[in-house]
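The structures considered in this document are given below.
What follows is subunit A paired twice: with subunit B in the first complex and subunit C in the second.
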Partner chain A sequence: MTLSLIEAVLLVFVLGCAVGAALLKDTLAAVMAFAAYSLGVSVLWLVLQAPDVGLTEAAVGAGIMTVLFLLALSNTASPDVDRLFESIGWQTAALVAGFVLLVGATVPALPAIGDPNSAVVGGEVTQYYLENAYDQTEVKNAVTAVLAAYRGFDTLGEGVVVFSAVVVTLSVLRREVVA
Partner chain B sequence: MSTGDADPAAGDDEGPGLYVESTIIMTTVRLVAPFILTFALFIMFHGADSPGGGFQGGVIAGSVVMMLAFAYGIDSTRQWLDVRVVSALASGGVFAFVGIGLGAMALGGQFLQYAEFEALFGHAIKYAIELVELGIGAIVAAVAIGLFFLLAAGFDGVAEGDSS
Partner chain C sequence: MTLDLLTTHYNYYAVVLLLGIGLYTVIESRNLVKKVIGMNVFQTGIFLFFITLAYRAGGNPPVVTEGAGPYVSPLPHVLILTAIVVGVSLTAVALALVVRVYSEYGTLDEHTLEELYHD
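Coming up: the complex of A and B.
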């Protein structure tokens, strides 16, 4: 598998931001690194031709999450930072390295990007959706057809989960919605 | 803000330095907000034919309120946007989604079987999907706004609630 220049640059950027978010000692800097990481991942989704996921990542990961993190930071006391990076114990480093090796070992099992013989593309269900989505739902975006029509019950569940999450948060923190 | 009564109230709840009154930011937000809200609705409606959908559009719609809050102060925005509007948006979205499902049952189909609405109007499945996306958008926007106001208000309410 060969990387195009833009993919390689994005991967380096995303990896750098991820390491930065984990290692920076200043919380504000870590939040910013995390936002940049989300933005990089969302562009990466676009390059990999998954615009629906990319849009969600950009709006939720880089947008709303950053704002909520910043608000939470402004409501808490931030300790003085004496140096730029966290110090890392060798146990932590060994654990993380082991985990990266473990996850990295599964990467060769993934099909190549755009491989016509991969299980996902050749699957019966995928082919059914791709062939029948427009005729049956009159919706051009097959992702929306699957989300809202074929798997509408799942999506209803998701909506109710989001709704109940905020209801629980509000009642746990004992606040009216807008205080 | 030129109104004198909004500023002391803003000082109570917001930490020092959280809100800076700036004409540039206020003007920019005033100009840009309608377009972002339109873009959010476009993402919600046009999600059927292009990338996007209720979740993404809802988050963008919620971010409009956050932008207003940064320009005009969180407390003023909280007073301007009624509690009931936010809760009605969240529960209204769930009710719309469930209502479409139950409506299909009332017409003799199964839960969420959009094709049953074909008896009432043409292109029923497409319009039902659009409505569902709009409902999801309402839920997500209200949740984003609610969490934003909740975090902005701080957690003083917990201490008050425990002592009472």
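Coming up: the complex of A and C.
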């Protein structure tokens, strides 16, 4: 597909917010840039026809994540802000430029965006889920069907990860839930 | 040639740029909170790669109804849903460690922490 105006604006917005989060010296400003970034990304998911991912990103990425960052900031001290932006470290920039060129060199090998015959979209796994999801699970949303039925054990594993994260967070902070 | 690639692969170039920005933030920022932000930017770059792979021109969201096809691929969406939740767990643990480091050493500056560690 060709680049639509809304997607071009979103990509520029998202990249701009990412650069802002990288270079703003004040941590609160960087967190705000990151929150705007998450919001832009969640709209980008909607444009790319992934509403489930967009909703999760908006609630979890832009919502919970920002709250976590603000909680962390309120429990620590901000660095002294003598100027708005940090100075650019040219050594690191050169290293990252090398990385970007290396990874960027692989892009031409990928299928064009929206190609209906690409390995992912046209592959038999995708077709199997789309054709059989409703008959086998009685769920019309194929994403939910795969998440909760076909790959239910993955989602159980995800639950284990979240549980471990809660346990680790509480023990690192030495908080007791049940006194 | 290059311009052709840019019009058909623009999202992948955005992915590469996001990975670069995330990596730069993780390496270059002296403040630990900003390192965590960089990690998240890097992560979202990977998400964009997956969601772009799932996209199909003219496709609808994968909610199967009569005559609504063609659909985009549901499988990468599922993987990324899981990855978003795992990413938040990772951020929560990382920020808890950051808060703990601050309460022990009174600073979040990487260089000051290194000096304190060597003393």
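One rule holds in what follows: the second predicted complex is superposed on the first by the 176 of 179 C-alpha atoms of A that agree within 3 Å, B and C clash if a C-alpha of one lies under 4 Å from a C-alpha of the other, contacts with A are read in each partner's own complex, and residues count from 1 in each chain.
In this text, contacts are C-beta pairs under 8 Å (C-beta built on N, C-alpha and C of every residue); 3 or more make two chains touch, one makes a residue touch a chain.
Being a predicted model, the structure only gives us computed values, none of them experimental.
Asker: What does the overlay on subunit A give for subunit B and subunit C, a clash or a fit?
Answerer: In the arrangement built by aligning on subunit A, the partners subunit C and subunit B fit side by side.
Asker: Go through the superposed model and pick first if A:Ser118 touches only subunit B, second if only subunit C, both, or neither.
Answerer: Touch partner of A:Ser118: subunit C, not subunit B.
Asker: Between subunit B (first) and subunit C (second), which does A:Lys140 come into contact with in this model arrangement: first, second, both, or neither?
Answerer: both
Asker: Applying the touch criterion given at the start, work out whether A:Thr56 contacts subunit B, subunit C, both or neither, answering first, second, both or neither.
Answerer: In the superposed model, A:Thr56 contacts both subunit B and subunit C.
Asker: Applying the touch criterion given at the start, work out whether A:Leu71 contacts subunit B, subunit C, both or neither, answering first, second, both or neither.
Answerer: both
Asker: Tell me which partner A:Ile6 touches in the superposition: subunit B (first), subunit C (second), both or neither.
Answerer: The answer is neither, since A:Ile6 touches no partner chain.
Asker: By the touch definition at the top of the document, which applies to A:Leu173: first (subunit B), second (subunit C), both, or neither?
Answerer: So A:Leu173 meets both subunit B and subunit C here.
Asker: Name the chain, either subunit B or subunit C, that contacts more residues of subunit A.
Answerer: C
Asker: Quick one: is A:Phe153 in contact with subunit B, with subunit C, with both, or with neither? Answer first, second, both or neither.
Answerer: In the superposition, A:Phe153 contacts subunit B only.
Asker: Considering only the touch criterion stated at the top, classify A:Ala165 as touching first (subunit B), second (subunit C), both, or neither.
Answerer: Both partners, subunit B and subunit C.
Asker: Of all C-alpha distances between subunit B and subunit C after superposition, which is the least, in Å?
Answerer: Distance of closest C-alpha approach: 6 Å.
Asker: Hey, what residues of subunit A end up touching subunit B and subunit C alike?
Answerer: On subunit A, the overlap between the subunit B and subunit C contacts is residues 51-52, 56, 60, 64, 68, 71-72, 75, 140-141, 143, 145, 147, 155, 162, 165-166, 169, 173.
Asker: Spell out the part of subunit C that touches subunit A in their complex, as residue ranges.
Answerer: Its residues touching subunit A are 5, 7-14, 16-25, 27-31, 33-34, 36-38, 40-41, 44, 47-48, 51-65, 69-78, 80-82, 84-93, 95-100, 102-103, 106-109.
Asker: Could you please specify the touching residues of subunit A with respect to subunit B in the complex?
Answerer: 51-52, 54-56, 59-60, 63-64, 67-68, 71-72, 74-75, 136-141, 143-145, 147-149, 152-153, 155-156, 159-160, 162-163, 165-166, 169-170, 173-179
Asker: Touching residues of subunit A toward subunit C in the complex: what are they?
Answerer: Spelled out, the residues of subunit A in touch with subunit C are 1-3, 11, 14-15, 18-19, 21-22, 27, 30-31, 34, 37-38, 41, 44-45, 48-53, 56-57, 60-61, 64-65, 68-69, 71-73, 75-77, 79, 86, 88-89, 92-93, 95-97, 99-100, 103-104, 107-108, 110, 112-116, 118, 120-121, 123, 125-126, 129-130, 133-134, 140-143, 145-147, 151, 154-155, 158, 161-162, 164-166, 168-169, 172-173.
Asker: Which stretch or stretches of subunit B touch subunit A in the complex?
Answerer: It comes out as residues 13, 15, 18, 43, 47-53, 55-56, 59-60, 62-63, 66, 78, 81-83, 86-87, 90-91, 93-94, 97-98, 101, 111-112, 114, 123, 125-126, 129, 132-133, 135-136, 139-140, 142-144, 146-155, 157-158, 160-161.
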